[in-house]
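One chain, chain A, links the two complexes that follow: it is found with chain B in the first and with chain C in the second.
== the complex of A and B ==
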């Protein structure tokens, strides 16, 4: 079932109503809940960007965490070494992520696919981590680097509630832009490459350019998320960008729903909240986390987003708009 | 210039295999030329070489006098030579409408920045293309299936959507690789009817690989016969029926 015109209108209203309602969230949270909410916003962006390459473009590229780190370190370096205001570092961190995505796409363009692309991009991630550890003079090495207190137009950005507003605005902009892309000829081409690359080229679509773009957009989104993360934890160190982070963000994409935009939010929220509840089972947290992820994927191979689609056709994603 | 497509001396070599030897053909607007021949004759290789998926070792492919041989597949498609695939080239997870829209990619306006920012320039062009895609689907009585996943269609419907997608951009030349394979007799007739209309009404020059001999004899203006990578005969269906070389290619040397 596809949504009707009224339902499409409702969906647009919902898209704007949810962040508007979330503006009131800091009024009802305590410091702990607010910190978790901020993490969810950032991880929703991480999952959105990751999903663009593995879900929409359909390439097994695992450079995501490396690009996230590039954004976080990029932001911290711009603030610390170049004295830029943090807010200005967000788009620049996005550009750094996009540049990293461009490098990753070079591998995909050389015809390296599937497992080979997976292992090359994993190696790229480890290489970046090596750079963070050994680039001591710039990155602070294993000790990492802190971010000095930030403010915006005279408002202090040290409180998690204040940070939340900025994070929310950046997230809404990036989600909106990603939806704009997916519902255009560009997004359809990205998915066409996933479905059948040979046939895509036969329609006059420059597949190589589409692949490069998808990697760069993914990198841009994740790079911006990295800049948010730098302020969120006000400290970046290499261990934040390791294999564990990669696996968790991969799980977020799958639990939310491969290729689904709303799934990125659901997956990020579910897998950020879950460990908090598992804290009451010390020693068993990782085990339960793994088991729950497996159970969800067995029960819902198309992720949590497929539940919403069953609930209402409002949540069926269409890749055009009239 | 009366010739739309001219293929001259096309040669394709794979490692240890001379897949196409000195093949030439010409196609006029509105003409349907069938390419027939036994398995392994080089019919699909000919299509791959014309559409850029296989790089010819020598020879020319001219579209309205411009040499397009050795361009990339997407560039050749953009010049106006479009093709379908033997195994079906639809995007199963996309809907019928979205599939047809991918065929209009090059016609859709608006820069990447316009798209990302959702500017009205990009949106207006999108809307025009959606209207065009819906019109094309209704010509095939398929408008009610616009929002169906392409992968959920029957085999015959998939073939028709693939053709709609391929002709959406009004290409002057169409290469159809076994469009009727696996179709019921009724669907086959419908398919042949669609192909005839495209040639007759829109003046599309069509190269058609087809195994069903009765279909080819009834539908094609000219037939080109291939065997072992070579062009061995060409003529009207009536001429081909009488040709000795053709009989030998199919039945072996007596």
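== the complex of A and C ==
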């Protein structure tokens, strides 16, 4: 059931009301809970960018964590080596992520799809990680790279609560931009490629360019998230961009709902909070984590977002396909 | 009048000794200690160090605790991931409100966590991770209770030069920071003693043949070889060294390799008979000097399969208990830090070197012993041909 005009208006109100309410969150959190909340915001962006390629474009590409690393290292290098303020490094990290997305899409331009594309993009991710480890003079190697304390307009950004407000603004902007893109002609073309690439091309839509664009936008979003991550942890290490993190990001997209923008937030929230609850079971966390993810996917194959869609039509995303 | 009374009350309050209620993580009968470590993930075998350490807490508690207070460990998983480690540290500090932190394997996590702990100001005794940058530059509340990378690297070179007539030293290493953390301090020590390596070679991780490196070494005729390479590659290197008739040249390895494991990998005693490794303990793991520690582990962690890591953090736990005793019954964080800075030449009975902390140096363990085969049996050595 599609939403009515009133429900659409409610949805718009809700989009702005949620971040406005979240502004009060730092008033009730301690430093630990705030750190987890900040992680959720960052991983919601990671899942949003990943979802754009695998959910909206429908390509099995796994360069996401590499692009996240490009953003994080890009930001840290711009701050440390070029003396840029961290806030300025955010869009530039996004550009670095987009450039990585362009490189990762090169294989797709050659007509490589599905499992072959998956392997090539996985290899791209490992190549990037190799560069993080071995490019010591630029990346700090296995010692990683620290980010000095940052401030904005005289306000210190060392406190997790202060960071939260910046992260929230960046996230809202990128979520809004992604929703706008999905509603635009380009966004509809992205989803048309997912439905049937040949039919889309027969309509005169340059599918190759659309694919490149989708990878680049995904890279931009994830690259910006990488810059936030650099400030969040104050330290960038190669271990943060390995295969395990890729699997967790993939799980976030699936648990939230493949192709759903709301799902990116729900998936990131669920899979960031869950391991924190499982801390009480040292040594058993991985087992419980895996079992819970399997159970959620079996019970809700369309992800947590499908629960909201059942709750009210205002959560039905216009171009979402189950 | 009321204001004057308030001021008087405030002055009297500050003059009173701190009570347990004032100090986070301390009650009349307990001290909460946050224990961070990789209890899950690829590096979870390192958590054996923390299991051993917590078994020692249990032993202390069974003996009545410290000034009547039990040591209550709150383990938190870092999965050897800096981001997860930061969450663990913030949880322990701000949610569980522990008195102090003790533990931490994985240098990457410890380095990432350092600014958070330094700012929070609670004492942190690092009991496994070795990176020097965890405790240098000096932070008032951060202490190292195991030999650091530089201490081990220097100990390697010291042992090499303790062999009479050693003049030609070669170095072979991986091209990663782990290897450099051993080889660079070793180079420094050699340089301080007027020795320049005759050749410096790289063997990459995963390499299955070392012929090229061995042939280059043969040209240089070294008296001793320093090898900062992982155990799997060490086995290959030693095999090829013997194959090309250089099996009699002694090789000094890192703490990342175990003597008997290397023998198991190679399967031939003749190949490892001249191999030596950094060994942080007073005895072989099954030796009589470590029997009391083995008993503690058997009693308080009976299901634990022992490995080299099981023992490594117990030395710092013993020093911590000594500092807690010295800090007195009115325990505060400042008193503990002061007491730790008073620990001098503390023999742990586990670590081969004593622990000394001071107000200007918090890296407590300045060296390591070496393990090698003597008369076909593993032995702990202080220097060449000198038993520990």
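Definition applied: the second predicted complex is superposed on the first by the 318 of 322 C-alpha atoms of A that agree within 3 Å, B and C clash if a C-alpha of one lies under 4 Å from a C-alpha of the other, contacts with A are read in each partner's own complex, and residues count from 1 in each chain.
The criterion applied here is as follows: a contact is a pair of C-beta atoms (placed from the backbone, for glycine too) under 8 Å apart; a residue touches a chain by one contact, two chains touch by 3 or more.
Remember, predicted model here, so these are calculated numbers, not experimental data.
**Q** Will chain C clash with chain B on chain A after the two structures are superposed, or do they fit?
**A** Once both complexes are aligned on chain A, chain B and chain C fit side by side.
**Q** Is A:200 in contact with chain B, with chain C, with both, or with neither (first, second, both, neither)?
**A** first
**Q** Please compute the chain B to chain A to chain C angle from C-alpha centroids in the superposed arrangement, rounded to the nearest 10 degrees.
**A** One gets 150 degrees for this angle.
**Q** Touching A:142 in the superposition: chain B (first), chain C (second), both, neither?
**A** In the superposition, A:142 touches chain C alone.
**Q** Tell me the contact category for A:192 with respect to chain B and chain C: first, second, both or neither.
**A** The answer is first: A:192 touches chain B but not chain C.
**Q** Using the touch definition from the top, say if A:234 reaches chain B (first), chain C (second), both or neither.
**A** So A:234 only meets chain C here.
**Q** When the two structures are overlaid on chain A, which partner does A:51 contact: first (chain B), second (chain C), both, or neither?
**A** Neither chain B nor chain C is touched by A:51.
**Q** Is A:38 touching anything from chain B or chain C once the two structures are fitted on A? First, second, both or neither.
**A** neither
**Q** Please indicate which partner A:89 is in contact with in the superposed arrangement: first for chain B, second for chain C, both, or neither.
**A** After superposition on chain A, A:89 lies in contact with neither partner.
**Q** Aligned on chain A, what is the least Cα gap between chain B and chain C? Give it in whole Å.
**A** Least C-alpha distance after superposition: 32 Å.
**Q** Do chain B and chain C land on any of the same chain A residues, and which?
**A** Overlap of chain B and chain C footprints on chain A: empty.
**Q** Help me check something: in the complex, which residues belonging to chain A touch chain B?
**A** 2, 176-177, 180-181, 184-186, 188-189, 191-192, 194-196, 198-207, 213, 318-322
**Q** Which residues of chain A touch chain C in their complex?
**A** Answer in residue numbers: 30-33, 35-36, 39, 133-134, 136, 141-144, 158, 160, 229, 232-235, 237, 239-240, 244, 275-276, 279, 282-283, 285-286.
**Q** Report the residues of chain C in contact with chain A in the complex, numbered from low to high.
**A** 39-41, 44, 47, 75-77, 80-84, 86-88, 90-91, 93-95, 108, 111-112, 115, 119, 131, 133, 175-178
**Q** Tell me, which parts of chain B touch chain A in their complex?
**A** Per the stated touch rule, the residues are 51, 53, 72-75, 77-78, 82-85, 89-95, 97-98, 101-106, 108, 110, 112, 115-118, 122-123, 126-127, 129-130, 147, 165-166, 169.
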